[in-house]
């Protein structure tokens, strides 16, 4: 990879609500992407129906699921911002992963992945993130270990317009993106 | 609770496909329910839209989600048969839990829960079950420890008509139901 | 159990160092125990040798391990304060559990358990606690769900003499003890 | 790394008992190591005292702990065979990790790691392995995703002399070693 090559990162927010902290944080990550990295934010988790293997083997991949699969396939790396619902990732995010993981191609295989999350509480999505990490063992995603981005007390770190203004958090988001870039280059075959 | 009182157990299968091993196993559990226990199988996970907090706070609970919430509220205990997708529970099952868990009433609170699962492989949904157990810490579900029901190599244990015919597995399913009954009575306040 | 009966709770700190936040917090818990509950702090994890099944089947339980087993057997409930080492519980605590769990009697079986922990960081032993909870599924310990006691930023919550002075934390510790008392009575057979 | 350079892998068995399936499996792995890989089996977990930070900051690393630290530091990769005790790794193995993880150098940092395990039951150490994987997130160990080596029903796979004779299992062990070799080369900086 030459120095001018741009890494394409697919960003996914696990929340559907309009004012989601995770969606806001992901947008900030897109702005903070280092030189040589472009983050595309995937829109459309909402449009992916509940996974049903009869549907897949019957009429094939629904359009929104296929769009996710193609976007993952085209990406050099994946960046997931997940909220924590009931000590795990949201069902809607898991459902997207369930569709993405099926044959013939499994787009997470050997793909560098960074996991992050924002929450109003102190634990900042930690529990959801460790469950998500376990899923990527099966998927053979190459999950970045560090830095872990767990944005706690989110309402204190964003301004009224939804911008992530807390500088320490911005620095952490930036550091993770740099680490993801380095990791992606490092594991490239 | 008098000896003639029947425990009402709400059974949930985490799979949507018609020939699901988990749905079949849950039906078998319903047949094997001990005296004094009735298992109602909840149908309708498919109809619950993706969780979106804007939807809930805007137009309220969708009909299918409200139906699940009421069924959980009315139940004395819950029995979940979950497949394992990507080393966790299916998105569609998690989505149902996400809707069920929201205010004003959280129907899993203090509710006895038994977890089971069937899979074609050797590990038999173990990874999904431990993730699900962690969710119930948040939800304050009272999850039965033992016996754990992890039906491995499912295709060898059912007949062509979808009946769970393996006697050892039938005995295990029966033992878990008896343990759930005892546990439900034990923790009743 | 009559109202004057005292619940005997065995308290275990997972840290060996003299100035351990967890040992200090456990001592505070002992002082805050509600009427009808007495907390005995187990000393001696250090004296239990590394688990070796050859040792157990050869010369039997080492004295310190046997002492722990008897203390657990005599207790109505168990309270564990664990630090977090490498995102899990300390080896020395796990080793004690490994000895306690062996035949002929498994003293955690059906025993009410409360889990707590203190740490200097923000996550306050959360990761260690969820791993410990999984161990108690095997052991059939009846682990209290709530309140979870994760004392973060411990150095700000204790005075120079090692007393837990932060009132909100004291209240949380007290609330967990009350919940453990109620839970112990509730699951008593 | 030239083609003739040998990868030095440090092998660790988490069990102390003489007839341990994991120690036997690790010895077999040593024999099956591919060209260009040498597996040294670390002996001495038994001699590492319980972790106590006062001991470390007082008299420094105990000799056995320092020996483990140096062996890890000198290794290009680590191979851990762990039994499952109480749904997690043995205390003695966790204790070794606790000592290894402390300053000034943390020898697991950026180190390729493969995890395997043998058990008499069907689940074959799965639960212990996922807990161990979580520890390596903190330690920034680069844990190989696949193939996972979970040797179930161990007594049926070894002969009376303790040799791993089951060919499918031998092939799996071999495949993991090859994957560890490729992974080690891939992530080398």
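All chains are identified by letter, namely A, B, C and D, in their written order; residue positions are counted from 1 within each chain.
Quick note on the criterion: a contact is a pair of C-beta atoms (placed from the backbone, for glycine too) under 8 Å apart; a residue touches a chain by one contact, two chains touch by 3 or more.
The structure displayed is predicted, hence computed values, not measured ones.
Visitor: Is the C-beta contact count larger for A-C or for C-D?
Guide: C-D
Visitor: Look at interface A-B and say which pair in B-D, B-C or C-D is its repeat, using the rule that over half of the contact pairs are identical by residue number.
Guide: When the residue numbers line up for over half the pairs, the pair is C-D.
Visitor: Could you tell me the distance, in whole angstrom, between the mean C-alpha positions of chain A and chain C?
Guide: Centre separation, chain A to chain C: 37 Å.
Visitor: Give, as an integer number of Å, the spacing between the C-alpha centres of chain D and chain A.
Guide: 31
Visitor: Compute the distance, rounded to whole Å, between the mean C-alpha positions of chain C and chain D.
Guide: Computed value for the inter-centroid distance: 29 Å.
Visitor: Which residue numbers or ranges of chain C touch two or more of the other chains?
Guide: Counting only residues that touch two or more other chains, chain C contributes 127, 130, 134, 137.
Visitor: Spell out the part of chain C that touches chain D in their complex, as residue ranges.
Guide: Against chain D, the touching part of chain C is residues 16-18, 45-46, 50-54, 85-98, 101, 127, 131, 134-135, 137-139.
Visitor: Considering only the defined contacts, which chain B positions touch chain C in the complex?
Guide: Chain B residues touching chain C: 130, 133-134, 136-137, 140-142, 145-146, 148, 186-187, 189.
Visitor: Where on chain B is chain D touching in the complex?
Guide: Touch residues, chain B against chain D: 122-124, 126-127, 130, 150, 152.
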